Structures are given as C-alpha cells and as structure tokens.
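Next, two complexes with chain A in common: one pairs it with chain B, the other with chain C.
And now, the complex of A and B:
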C-alpha cells in the first residue's frame, strides 16, 4: 500500500505511507494520483506525515502531479517533515506548492 | 533415431545384451559397461552420453555407488540415472534416491516400462539442454550490454576536464564516481575569456543511462556556449562586446531549452558560476543544487546561495545569482547530493555538516588529499563495498 485515500467533501486527502519517497515508489505514486486527476479529482491534499526523505524522483513525481492538475485544480501539501521542507526550500518548490500544517488546515484552504 | 545415446550397465553380459537389443529396437545408440567403474569411464569419454540404465548389484562399483559417484562429479551436463533392482522394497527406493538415482525399474524389466521411463529421462535432458542454450544467449547478451555501457562510460569520462586544471590563479581538481557505469552528474572548469573562469556541476534527477544522456546533452550545450556570443558569452555592455553572461541568465536559458513536452522527462539541478581571474570575485547561480562550500583562510566555512528552481522542471523561471570572493588561499567546493545523501546501513545520511567538517579538517592539505580522503570517508560511511547508491561528484577549486 502506497497511499491511504480519504475524502472530505470534494477534496481527496492522500496520505503517503512510505518513509522514503524515492525512485522505488515515485513512478507508481505518480501514476496513482494522475489517474485520480484524470478521473476528475480537482482538489488534492498530500499528507506527508510518514515521509522522512524525498529524492529527485519523488520531487519529479510531485511536479508531474502538479502539472497534471494544470490550472484546473489545486494541491496542498501538509505535515511536511523538516528535512523534506528544507529540500523544498532549496528547490524553491515551497513557492510552487502550498504547504499547510495539517490536513484540516489544508482542507479549509481548499474550501471544505 | 533417438537423439540421446544410452548406457546400459550390468555385470551379466547376457542381461546387458537383452536390454541393449530392446533399446536398439527403440532407435537408441547403445553403449555397454560391465560395472560402475566402467560406466564412469564411458561417461567421461562420451560427452553426449546422458542416459544410464544400471543394475544394482555389481562388483567394483554397484548401482547406488555409481549414482553417488556421478552426482559427486561435474560432468558439465545432467546425467539421468535409472536403477534396475530385483527387489521391490521401499528401502531400496530410498537408498537409491539418496544416492542420486532419478528413477527405478524392477527385474524382469518390462520393455514398455523401460521405454516410458527412458522417455521421461529424455524430456529432462532436453529441458536441461534448452536451459543451457538460453543461459548461453543471456550471458552473451549481458556481455554485449556491459561492453556497450563501458564504452559509453569512457565517452562520458572523456567529456570531463583533465584531472588537475590550472588557470592562473586558480587550481581545480575533482572527484567523479558514477553509481553504475554511467553518471547522471557532469562537471567542468574552463577559461571563459582572458579575464574569467567558468565552472559548473550538474546533477540529473535519477541515475543510470537516461540521466547520463541528459547530462551529456547539457554538457555539450555548455561547451558550445563557450564561443563569443554564445550562451555563456552574450552578456551586454562592455567595450569588447562579448562579456560573460550572468549565471542567472545562463540557467534561465538552459531552463527554456530543456523543457520537454512529456511529463516524464528528466530535470536537473546545477550550479553555474564565473570567477574573475584578477580580483577573485565570483558570481554563481544555484539551481536546486546543494549549497557550494566556501572555505576561507580562517577556521570556518560558509554555504553559498539561497537555493533556486531546478532546471527543466517548470517553465518560465527566473534565476538569481549570489556574489562571493575567493581570496588567495581560499577554496570553493561544489558537490552533488550523492555525497550528502550517502546513507549508512541504518539509513543515517552523511550530511552537509560532516562534509563541511571534512573540508575544514583537510584545509591545509592538497586538493587531492581532500578528495581522496572524502571518497574514503563516504565508503567508510556506507560500510558495505557496494557501489554508491547515487552518483558522487565533487569539484574543488583553490585560489593560490
């Protein structure tokens, strides 16, 4: 199991279950979530509580998901560990992805 | 005509003849041996001999003894052994099987039973031959692929600068350790014009062949850009025209050139910078890459840059640059995250802190020393002798 999916209204909350978001799981996670977007999901919350490490493949997957949403939808990250947050700051991805403290705040932002 | 010759082993000549005739009628080429020892000689002599029907009680070496001897030896092929026993107890079955027999016949041998059990043996030998052939093809294909990879790796290494680059007043050495044959990293240092030196390090996302291909492509674009008016030398202003381009502009242009249509396309992080030979003043752009380390002549080091977008990941990005000065005796290190993210068996990362401590500890030793000991420190950190999980590259520059 890579993700745990729950719903809050029209928002899909996806919790990544693996500690390492790297080349071994990034392609599958990307396909899973892009499939959801193709099925019509427009509001996504990515809960990264379990994730301790994101490498270049993980970042690439997140950006692919972001691009798949295009202008049609929104994605918010939440519960981002400090190590992951510093990688997002290094790559300026913290200016591309909205980051909230937890899923409740993220859903509120998306208009739950 | 049957494809496999068959060996009949029995100390009774008349019984041997009886079995042989039955088998010859079935189309087999039949060889005979009078006991286990003679059977072993025959098996060593004929390399296409893989089927054996052997009696149990024989002088010198009996049936089970023959089975044990055959299994202990490496004939380079499978030998299918059928033991013929007069007894029918299950005790015999177990003794024979443990000795290495594949199947049994009881005396008197029924010709039809002989035929079908031998055929089962043929199926096993045919299967073994098919597997051996497939193995041979796989080994050859693997050898070809490895040979191609080695050639590609040599090509990639030929794009790297000489081991030691001296462009007065700067001296530069580097470390380049691919995680597999090919690296997704690339680095270089070169004279840009009579006043400036340019340097860069690239790390393509992922590793292996696709990452290496992109790293080579970017390297070539940068090489092409060295001509007057090219990517690296089309800065505005100045009396002579072709001033160095600002690092931010260079990276922004690379970002434009390498955007791909497909969402799976690779991206890369990089540091690109220029240094003034007379003043030691430098400017660099950090595009999602690790923070370069500036080692002053004192006891501290600083990390340069505020980060930046990776290249080819998202379109229409702007890139800033930061200024620094390399005074005489000072050093600058660029490195890929294969260094800082090098993991110990328990998952602990080597980290930025440890890297900074290392370059500080060796700040009075030669660049070669710093790099050699760093590579050793990374291997010690990993403990295992396996290759690094991610490509490792380090560029070390010093102003004399």
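And now, the complex of A and C:
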C-alpha cells in the first residue's frame, strides 16, 4: 500500500507511507492520486510525515498531481521533513506548493 | 592541457570535456573507499540511495552535505537506469540489458565507488548502458527557470541533471570502450 486515505469533509488527506518518494514508486503514487482526481476529488492534503527523501521523480509526480487538478482544485503539503523541504527550496518548488505544519492546518486552509 | 594548483592542493587540468574540469589529487590520500554493485533497475534505487548515505555518514561535515550526496547519487543512478538501460518501474534487469546494447543480463549493472579524500568526496558511477546524449552535462544546462505561477508549464521531469549540478562541486562524464563513467566531486566543509 502506497498511501493511506482519510477524509475531512470534502478534503482527501493522503498520507504517503513510503520513506523514499523516488523513481521506483513515483509513477504508481501519481497514478493512484490522479485516479482519485478523475473520480472527483478536488481538495487534497498530501501528508509527507513518513517521507524522508524525495527525488526529481517524486517532485514530478507532485507536479503532475497538481496539474491534474486543472486549476479546479487545490493541494497542500504538510509535515514536510527538513531534507524534503530543502529539496523543494533547491528546485523552487516551494513557490509552487503550499506547505503547512500539519494536516489540521492544511485542511483549515482548504476550507474544512 | 593547462595545470594550475588550487587552494586545496590538487591540480586542476583540462582533461575530459572542454567545459568540465577534473581535480586530480597530488597524492593518493584516500581515507576510505566503498564500492557496491546495483542492478540497473529502478527497484534498486532505494537500496542504492540508502547505501550511499550510510557509507558517507562517517565523513559528512553536516546533514545538509549528506542530503546533497544522497540526492546527487540517486539522481545520477536514476538517469542511468532510465535512459542508459531503459528501465521503468516494474521492468527487470534482463529486459534492460538488451536495451543497453548488451546481451548479457549480468552486465546491466551500475558500479558505484565512493572515495573520501582529505578535503573532498568523489563518487564514480560506472555502467555499460547507452552513452549520455551530447551536452547533457553541459554547464549551460538551465536550472529551475520555470514560472511558479504558470501551472501549465511547470516541469514534470527533466530536473535531475540540474539537481546534480546544484548539489556537487564538479561533474565529469566520459565514455571509453563502451563504459560510461560519471564522476561527482563534492568538497567536504
């Protein structure tokens, strides 16, 4: 299992369960989450508490998920480890994604 | 070939690609060395990254330095697996070997060597996959120049080499007798 899904109202909270979000699993995670979007999900919280490492494939998957919302929804990251945050800053992806400390704050931002 | 000493005591020479400098140590003062083989298969990427990180912990001046080493090694290996051998999630080494131009499944390997010197770490990734495209490691590779507000044009890939360049001090690629060698060098402290 790659993700654990919970709900807060109309918000899907997706907790990634793998410590390494890299090219070995990024395509599968992307497919799973894009499928949820195609089923109608529009507000997503990506809980990265378990994730200690993200490579360019993991970043690309997150961008693909964001694009799949097509401007009709939103995604917020939460519980981002410092090493992952550094990677987001290095690639300027911290200017693309909104990052909150925890899922409660992320859901509040999305209007829970 | 021009040679000039650097502050670290190593010589800088113009061997290799015209836009890449290679640091050659004046003397063989390797503090430690570690080498491991990995199948050129994306399923090996987590083990490769964890091995690189744990091996370098003994000489890491900071956790940020260690993060940089880990990401650069993983990105380099990922590129080799995907582009040098045509690996994708779920494919196996036997299929990859043929794509890499070899007929021996056992040749679909990446050999990673870590060498810690007094003031820097070198990482060599050797493989027998397809050669890297000309100019891939050029210093002119654009770095993260996207508009964060332009959703449609946000990059979904192609950031690997830029990440490597931003994470290490020197990068050298060469291919000889069918073997690719990607060398990454990062100063320690």
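Assume the second predicted complex is superposed on the first by the 112 of 112 C-alpha atoms of A that agree within 3 Å, B and C clash if a C-alpha of one lies under 4 Å from a C-alpha of the other, contacts with A are read in each partner's own complex, and residues count from 1 in each chain.
Here is the rule we use: a contact is a pair of C-beta atoms (placed from the backbone, for glycine too) under 8 Å apart; a residue touches a chain by one contact, two chains touch by 3 or more.
Since the model is a prediction, treat every value here as computed from it, not as a measurement.
S.K.: I'd like to know which partner A:49 touches here: chain B for first, chain C for second, both or neither.
M.R.: neither
S.K.: After the superposition on A, what does A:6 contact: first (chain B), second (chain C), both or neither?
M.R.: A:6 contacts neither chain B nor chain C.
S.K.: Would you sort A:28 into first (chain B), second (chain C), both or neither based on which partner it touches?
M.R.: second
S.K.: Check whether A:68 is in contact with chain B, with chain C, with both or with neither, and answer first, second, both or neither.
M.R.: Touch status of A:68: first partner only.
S.K.: After superposition on the shared chain, which partner residues are touched by A:90: those of chain B (first), chain C (second), both, or neither?
M.R.: After superposition on chain A, A:90 lies in contact with both partners, chain B and chain C.
S.K.: Using the superposition on chain A described above, determine whether A:60 touches chain B (first), chain C (second), both, or neither.
M.R.: In the superposition, A:60 touches chain B and chain C alike.
S.K.: Return the chain, chain B or chain C, that is in touch with more residues of chain A.
M.R.: Counting residues of chain A touched by each partner, the higher count goes to C.
S.K.: State which residues of chain A lie in both footprints, the one left by chain B and the one left by chain C.
M.R.: Shared contact residues on chain A: 23, 55-57, 59-60, 63-64, 67, 90-93, 96.
S.K.: How about chain B: which of its residues touch chain A in the complex?
M.R.: Chain B reaches chain A through residues 203, 205-206, 263-264, 266-267, 269, 288, 290-291, 307-310, 313-314, 337, 341, 390.
S.K.: Within their complex, state which residues of chain C touch chain A.
M.R.: Chain C reaches chain A through residues 42-46, 49-50, 63-64, 67, 70-71, 74-75, 78, 81-82, 88-89, 144, 146, 148, 151-152, 154-160, 162-163, 166-167.
S.K.: In the complex of these two chains, what residues of chain A are touching chain C?
M.R.: 20, 22-28, 53, 55-57, 59-60, 63-64, 66-67, 71, 83, 86-87, 90-93, 95-96
S.K.: Using the touch definition up top, name the residues of chain A that touch chain B in the complex.
M.R.: Against chain B, the touching part of chain A is residues 23, 55-57, 59-60, 63-64, 67-68, 89-93, 96.
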